[in-house]
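Next up: some structures, all given as structure tokens.
Consider the two complexes below, in which chain A is the common component and chain B and chain C are the respective partners.
Our next item is the complex of A and B:
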């Protein structure tokens, strides 16, 4: 009897928590089809405003289409650069292990504790200074001002290093004996063996970039440069937010990460928690 | 073996690490030192002068700073324990071999992690509108007689922020706990069973002690995250009403970009977060590291 009650409580708790977790997703999808007035009045039914909301979203002075393009370009470039740089660094630290390198590595890990709020102002000033130089294409208001600070994080280097630990080092030795250069060994021996690690790292980097808010808010000031989170935030902050239109935007912004999650759930979770086992 | 100053991938692999190391130094450590210097300066961004400890003294009498500081630590003290406790309970239930539909429950509870912080904040804002869905449910259940002013009441607005962050991060922490629990040797539980320990006793006497490193890790990451809280408050309440939900990160943003820019003072406030993170990490390591 006691066991049955306990098991009932357990399932009850799980079901309640699952409903609470899923409900906001149902809400945003329903919201796409409703008017603002119905959404803020808590209407929980499919409405007939879907086409109108979509039309409003894409024919808006906020330029949602442009924001989608900006976000996508930034996220893809960030991901590609971050994967190359971090995997090479993780590989370098682990395969060419030395006391000095371990010290540098531990030092780099400290950067994970530095709050972004403390970096925001110096970074802003640093990139502003570039605007008056030939390097203005990576200065404030450029795409690269958002990309550059995210291409190299200690977290990702750590992530790759952890996963390289289980990579058989004899393969490197064997390749050296075959006369392969170190770069060739990295690209032809290591890289093909680490598809899962790369997938997980790509997912987390893409997602962080796609969802990044504070730094783009500071660094991208001209309206045509804005990314999706900035546009959504601007929609929500307006004096009379159009919730129906905003929900369309939110669903579209969530679709890429949702798709990646359902297709590659394992790598997604591994990327989020930073380990591949 | 190690030849200093030789940028080659041939023998020591320096070529592999040199660019990433330089980038992190340039984009994290140097700005960090610059922020420290800036925190001793005052004036407009183009005309800054040395101000000694002036900015730090100003904080002592700044009521907005005090509010932001108080709010940030309130979120930390209330939200982090609630979130980690919920995540622990759910993980313990899901770790039970006899439970069915585990995969479904786990996926469902992890789902909030796929949303962007801006998106889910706006969704929460719409759900908790004055006449919104949540108030209607509560009044239909006869739990409230008048709608709760989630967005405009100083206390309920804080509650809303805490509810929102908890919704977003319980599933994330759950994944860490579940993987930690799966690494606990099953024979310990078998022995506890033989000794007649109840499942509650096993949870407190076996599961919790064995999970200590992971609890420590999640506490530290959640602490660092909460101390930097920005996106949610900016998009749900904009720090309002009357700064009742304002966080330190938000205050730094306002000082730098919303009001007349005061980079010196903003940098000083940002160092409060840096120092808080260092102190709390050391304390948590001390407490969590004890055997």
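Our next item is the complex of A and C:
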């Protein structure tokens, strides 16, 4: 009897929580099919405006398609580079012996405490000074100005290092004895065993990059370089925003992260708890 | 294993090269704007400001075909964020030639970055515009902005609801806020509708009331905080609390709640800026049921007149971007002088211009069907010319974000003088930082 009551309470709470977390998504999808006035009035039915909202979204001066392309290119390059660099760094910190490495690592972790708003103006200055040099292609208003600062984050390095802690060092030593070079050990011995870690890191990095708002906002100047969050923000800027159209945009903007998460869900969970296969 | 290393290095380097080349092409194309005849303009709101710029572009095209005008839509918050970062880091690369800035914010920019904006004294004639616009876009005798939309306040009301409550248009002319509340009680009793919607964390109404008496949160110098011992603010707060506590107002939690209250026919009136007209007209089924009266005055303040303003902005030219001359010429030919443009904009987006000559155009003489045949443009632009000049100073929004909490205390019944005194202390210490 007691068990039944307990499990009833458990499921009741779980159902309430799931409704709370799913409701905004349901509302977003329903909003896609309604007129602005119905959305603000709180209508919760499927409307008939879907095609009109879609046409509006792709037929205005804001170039939503271009923004999708920019966001995708930036997110993919960021994710690939971040995974390679941060995993190598994390691997190095854990596998190689050095007296100062923990001190450096602690220093690195400290950088996680600094809020981005404090770094923004110095960062902006730094990158804008590149604009006068041959390195202009990674200066302000280039795609790389958004990619470079998020390629090597303390969090990812920390994340990889934690996971490598459970990686059997004997494998590395055995490989060394067999005459494998260090890079080859990394790519051939470590990497294949850490797919889950990579999957989790990929999801986190991709999501952060896809949703990144503040830095792209200040660093990207030309309108044709804007990413999806910036375009969505510009859409909401009117005295009378077209919410139906915005909901369409938001649904489309949510799809990639949702898709990636669902595909890699299993690996993500295992990666987060740090298992090695 | 050396082979693997080599492959990696080659692959890595080529990836890098490809990427550098890929964006090298893009950025060089956008960086040479200073040499060509091209200007960039930033503004917010696709349905209003952006349309205005597009019309201005058409007019300028007739004067000079070779000039390319790029219009960028961004939210106002985004524009503020980008301006702040760029100006603070001293790098104007990528900023636009012309930018729309709200009246409440511009003094802060002009004071913090005195060299960033171009002097427009020689393209703007002060006599051509509503006087109050020049309280904010000048430093000393130099004019830095071309005044754009009027935020002139009006009392938008439903004639049908008011009639049911026993009031005619005459009864709403030149009333005080106290009378307005009294009318609200009748409306509530007889029709069941609230008089207006209020978002307690939006002090726009207080701003309207203060400016009608020529007062602000700060003194004329723009910096001295005048929150306590400010008669207009004090009375405004009293009215604000009374509107809520007497039950004539329905409370909403955000902007959209207010829009919805009007468009769904919940409320009988809306005291707000002229730019709200297009939102009200969004409810086409209410055509003929609206009218606009002058904004009410503060009963106990002899300086308070039935004309005030909320919002409104101006066009500014950023100096370090290049093509300053061209940008100035663009503004001169369009927003600074063209009454034809204002005529078009009145028809297309319902803009109440601050350009005085606009009043003689056809659009301003027309009667509006939606507003029951009232000459809306004529009335609003006449009131616009009357608006008392107020220097909005450097800290309007910073002060207001603090004052909002204190306003809640006043609504809850605390002693106004004490609360405003406390607010003054907190505001002074927060601004000093």
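Simple rule for what comes next: the second predicted complex is superposed on the first by the 250 of 277 C-alpha atoms of A that agree within 3 Å, B and C clash if a C-alpha of one lies under 4 Å from a C-alpha of the other, contacts with A are read in each partner's own complex, and residues count from 1 in each chain.
Definition applied: a contact is a pair of C-beta atoms (placed from the backbone, for glycine too) under 8 Å apart; a residue touches a chain by one contact, two chains touch by 3 or more.
This is a predicted model, so every value here is computed, not measured.
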item	value
Chain C versus chain B on the shared chain A, clash or fit after superposition	clash
Partner touching more residues of chain A, whether chain B or chain C	B
Chain B versus chain C as contact partner of A:236, first or second or both or neither	both
First, second, both or neither for A:16, with chain B first and chain C second	neither
First, second, both or neither for A:46, with chain B first and chain C second	neither
Contacts of A:174 with chain B and chain C, given as first, second, both or neither	neither
Touching partner for A:95 - first (chain B), second (chain C), both, neither	first
Which superposed partner A:77 touches (first chain B, second chain C, both, neither)	second
Which of chain B and chain C A:136 touches, first, second, both or neither	second
Touching partner for A:61 - first (chain B), second (chain C), both, neither	second
Contacts of A:117 with chain B and chain C, given as first, second, both or neither	first
Single chain C stretch clashing with chain B - from 8-16, 62-70, 80-88 or 206-214	80-88
Residues of chain A that lie at the interface with chain B and also at the interface with chain C	40-41, 120-122, 124-125, 181, 183, 214, 217-218, 233, 235-237
Chain A to chain B touching residues, read off their complex	6-7, 10-11, 13-14, 17-18, 20-22, 24-25, 27-28, 31, 39-42, 44, 85-86, 88-89, 91-93, 95-96, 98, 100-101, 104, 108, 111, 113-126, 148-149, 151-154, 157, 181-183, 186, 207, 210-211, 213-214, 217-218, 229, 232-233, 235-237, 243, 246-247, 250, 253-254, 257-258, 261, 265, 268-269, 272-273, 275, 277
Residues on chain B engaged by chain A in the complex (per definition of touch)	1-2, 9-10, 12-17, 19-21, 23-24, 27-32, 34-35, 38, 45, 86, 89-90, 93-94, 96, 98-99, 104-105, 107-127, 129-137, 167, 170-172, 175-176, 179, 199, 224, 227-228, 230-231, 234-235, 238, 248-249, 252-253, 256-257, 263, 266-267, 270-271, 273-274, 277-278, 281
Of chain A, residues touching chain C in the complex	37, 40-41, 60-62, 77, 120-122, 124-125, 128-129, 131, 136-144, 179-181, 183-184, 187, 214, 217-218, 221-223, 225, 230, 233-240
Residue numbers on chain C that touch chain A, as the complex places them	1-2, 4-5, 8, 19-24, 26-28, 30-31, 44-48, 50, 70-78, 81-82, 85-86, 88-91, 93-95, 256-257, 259-260, 263-264, 275-276, 278-279, 282-283
